[in-house]
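Questions regarding the structure given below will be posed in turn.
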Amino acid sequence: MSNYSEKPLIKHAKQLFAICRSLTGEGTRRTLSYFEEYHPEYIRLKFSTGTKVFDWEIPKEWNIKDAYLEHLDTGRRFAEFKKSNLHVVGYSAPVDAVMNLDELESRIYTQPDQPDWIPYVTSYYQEIWGFCIAENEKKNLPAGKYHVFIDSSLNEGNLELSHVLLRGKLRKEIFFSSYICHPSMANNELSGPIVLNAVLDYVKQVYPESKYSYRFVLLPETIGSISYLSLFANDMKQNVICGFNLSCVGDERAFSYVQSPEANTLADKALSTALKGRDNVKIYSYLERGSDERQYCSPGIDLPLCTFCRTKFGEYPEYHTSADDFSVVTENGLQGALSVLKLIIDAFETCLFPCCKFPCEPQLGKRGLYPNISQKSSNHPARARMDILAFSNGKNSIFDIAKLANLKLETVVHELKLLLNADLIVDSDDVNC
Amino acid sequence: MSNYSEKPLIKHAKQLFAICRSLTGEGTRRTLSYFEEYHPEYIRLKFSTGTKVFDWEIPKEWNIKDAYLEHLDTGRRFAEFKKSNLHVVGYSAPVDAVMNLDELESRIYTQPDQPDWIPYVTSYYQEIWGFCIAENEKKNLPAGKYHVFIDSSLNEGNLELSHVLLRGKLRKEIFFSSYICHPSMANNELSGPIVLNAVLDYVKQVYPESKYSYRFVLLPETIGSISYLSLFANDMKQNVICGFNLSCVGDERAFSYVQSPEANTLADKALSTALKGRDNVKIYSYLERGSDERQYCSPGIDLPLCTFCRTKFGEYPEYHTSADDFSVVTENGLQGALSVLKLIIDAFETCLFPCCKFPCEPQLGKRGLYPNISQKSSNHPARARMDILAFSNGKNSIFDIAKLANLKLETVVHELKLLLNADLIVDSDDVNC
Amino acid sequence: MSNYSEKPLIKHAKQLFAICRSLTGEGTRRTLSYFEEYHPEYIRLKFSTGTKVFDWEIPKEWNIKDAYLEHLDTGRRFAEFKKSNLHVVGYSAPVDAVMNLDELESRIYTQPDQPDWIPYVTSYYQEIWGFCIAENEKKNLPAGKYHVFIDSSLNEGNLELSHVLLRGKLRKEIFFSSYICHPSMANNELSGPIVLNAVLDYVKQVYPESKYSYRFVLLPETIGSISYLSLFANDMKQNVICGFNLSCVGDERAFSYVQSPEANTLADKALSTALKGRDNVKIYSYLERGSDERQYCSPGIDLPLCTFCRTKFGEYPEYHTSADDFSVVTENGLQGALSVLKLIIDAFETCLFPCCKFPCEPQLGKRGLYPNISQKSSNHPARARMDILAFSNGKNSIFDIAKLANLKLETVVHELKLLLNADLIVDSDDVNC
């Protein structure tokens, strides 16, 4: 198997796009398998139908082969699953019946304010069936009788998810999560797993002997993260120092994140400094949450985590419709998200809590890190270096320092590498200083 | 005796208006007795003249029967106590003499910038006598000799106050204080005791088995609260978690409060969230204090208390003059203040520190508290509920949650009742969660 | 010896101006001796060449007798050390050679954006030689050969500094530092030592039995403070509660200071309240640092110190040029800086942590500190007094109180003296209250 990152990310996305994913079922399994082939470190976990996870219960496994509405008079088919898996309400029960358009109408979901797009609708916990079509298509459905057909099944089975823990020198973990429960939509949510696996690849390639441990998990939203936490919350509460839930990370329109409840974790600080200076950065309070940060940051779990997005779920028009496709998600968009996460990993692995080894300023001049001749000027060449040292007290994180010194995170990473090479600082995560 | 709240509050106020109250004396006793008839739980406390209370000493008891200035030539009387008890400087020593207008003038107090109103003047701790009249009346006093007559007495006696402690399941107390030392002025200060007794009535009627304990006290300002604290400060410092001093709570012009010194107590939070969305809300810093919060929040006492007002003392023109009457104070005004305090009591009694019983989000759908079908929309019907749960960590108070979730306190009380009924939360004041 | 303060400060400055100071050498010694004559309490400390101080090493001692450039054809001299000691790059190695203007040019430093002024240039840690002249003079240097002459020496010797610790009743120290390493520039940096010695004089005259201990130190910048800290950092970390580095305190243009890294020390609070209401106050963040606060506030040292300036170094055009002379520095300017520091010392010595001796408000009226007759008015005569008492909890410093009560520091000092005389407060630095 070649490296995951040898292929453009958009190619991975296009390969997986057509699969019908949901909380459970074959499509989700195939999606997990795809990533596991590139990263054999993944471990698959299964939760069988009926298992209690906190206040919830694992639902039946849903599988679907085909579905459509066939107008009996003309033989014309509508809402064909084979054309778009969004045409079926997620978790629809099977049906094979003939009914009048009148009877059928209450089972047809549209998004009237976006009349050309098929909406994404689910009913996981109440057994119904239904179809989703564009409002304009619904208006033109011919009157008369229809063969209503959904060839689905709801049976005892498993909810599945995959995770990997790359152990570093320290037990402290950086955590990445994304979800694999959405059918054919590109940004929400193929982009999350696509980028998460590129991050995993980056850590493996660049930091094979990493300082921190890295945890990656791919799961169905809500019930998946709740299931996962029912097993690992205690471990994670002890070890996770920073976490990112990835969602809608494939477009080029913005960079954004949803703050943790108190907006002051390492994850908040990492994202706010890593995004500094980029175009169109939007920061959302925890009140704007909506993805698995709802579970990871819930009372009693309290992980230090933010949800990272390009354009946040709910904030772009194509969200949760058939228009969320590769006109929204691009290679540039995916790479932009990846570059932010790589920078954050570089920051962690360089020196999380820099601590100057000397009281007072060290003598930079004798190390070639400071000009020897002193004359006033507006532009001090070693100013960033001096500012970083001035805050390197072993308590400020690299992200705090970037903020205090008003520097780009890239600059701080670069300067800290110089200072480490000159043996002027240590990481207080390595040693008490 | 009927319930206090069966009568309009304004009727109580009008019944008590004419009484001449001061720090001590018959008028004050009669006022206390009036409320004690409705609430036999009150206990009367007496501090006899000369008793030391912290840095102070209980003054003599002051009583007054009559007073006037009689122009000898014409027999016309001015500054008649029987027309307004404001005509006499509070705590005036007795006098019965004849003197020229010239001699008399330094004993006559007016409010020159409000020339039609009688000002309210006192001299509790320096024995003088004096009269108060409208500036315009003073200008027209005929020249010549006057019979100057004040039939008052300053004798050994008692300073009296009444308090009640309604014990709840917890020793933690909510504290209400107001004062009964002002003669005939309606807002400052009949409104305070009038509303305080309605709050007492509310707790008795609605929460006969309350969770929290409730302390109510009616006393003369400054020396009264100092006397009270000289006995109860230690108890109160241990038990009072939230207190309100009520002053000027009878007009319809504004809602306001004076913050505690650090502006971060439960009382500050309760008022700021309970007033949210009301018209004309004004928040004053502790530098704007002026009532008994001066004692309750003083260094060494440090109770978590705010002074609650409609329009704050000193901020309305009629303040401390004869114009502070029932053109200022109305039933609507009194009921508006009462409604705020009832809402705060409801909040305390519903769930002060909500704590979700499950890690992760509970499954609201299976309890009918969340829609089963998921489709994007701008208006999520369970959003407030979800937001409240997201902050229900057993450490945020109901008031913190209202602020964090940007919700009206009424909404939070309502939703928490639903969540309690669904057995999804507990109050961490009841149990550690 | 007369008192230091009997002479105008500007006279001291003018007497010292011509001396050629540097990190080491005779000029610096003479400058220290000048102050030691007025203040025999000073102790001279010497660090010999080659001594290790933290990450640094004491350099050779530099002395200079003469220097110039002589145009051989005409005999005209340029860059004459005897006319301005700024003409020689600080720490220049000796040279006695003949060279063409072409060869010479790279050794001539100018400030092209300020073409009429000689710039101040040093090269302490790389042995070079060089001359500094005005850009306009450089342009007019005649072509041809020059006798290049610097009669300097770089030998084993000492770095010297002087310090004094005036012991008060408490070991807690107020710390003042300034530097004596600049040649003929008036604001940066004769003004600092000139004012520091006036502060020392003030403490000796006005507070011969001071409550706090006072430490004063005169040293060469950077290497001097590092040397000093290598001996005293532990003592100072234990005892210094407030420190001021004095730099550029002689002009009349502004009052300013550089905040400590977290901007919340007693020094920050003292300066922000002492400067309140003065004209043209500028506060700089620690990112704008540049003087010995760089060492005193560095990680591992962490003294609670600010650098106090009139116009901050680097913020006035004459800075580090020959134009920094007595057109910049005036008696008024020096006295203005001194008055701020005197006020701060008065605040410390009056009552640093006022604590009211009584729970509740004390009865000010019986002590003549409060009007006995109470009538409403917009201007309460005892308002400041009451506000100060309201925050006198033994934890707020006098500077906190000035800020909380929105009062000038002068007012707070004055009122606290009244309250101390009335035996109403104690300093919790004297006794636990």
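Lettered A, B and C in written order, each chain numbered from 1.
Note that in this section a contact is a pair of C-beta atoms (placed from the backbone, for glycine too) under 8 Å apart; a residue touches a chain by one contact, two chains touch by 3 or more.
On a predicted model such as this, the values are computed, not experimentally measured, just so you know.
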Size of the rotation, in steps of 5 degrees, that lays the CA trace of chain A over chain B: 120
Equivalent interface positions on chain A and chain C, same or different at half: different
Mean-CA-position distance for chain C and chain A (Å): 54
Per-residue overlap in chain B, given as positions that touch at least 2 other chains: none
Chain C to chain A touching residues, read off their complex: 54-56, 89, 109, 111, 119-126, 128, 222, 225-226, 229, 233, 261, 286-287, 289, 294-295, 297-302, 314, 319-320
Footprint of chain B on chain C - complex, ascending: 355-356, 358-363, 365-366, 372-376, 386-387, 389-394, 404-406
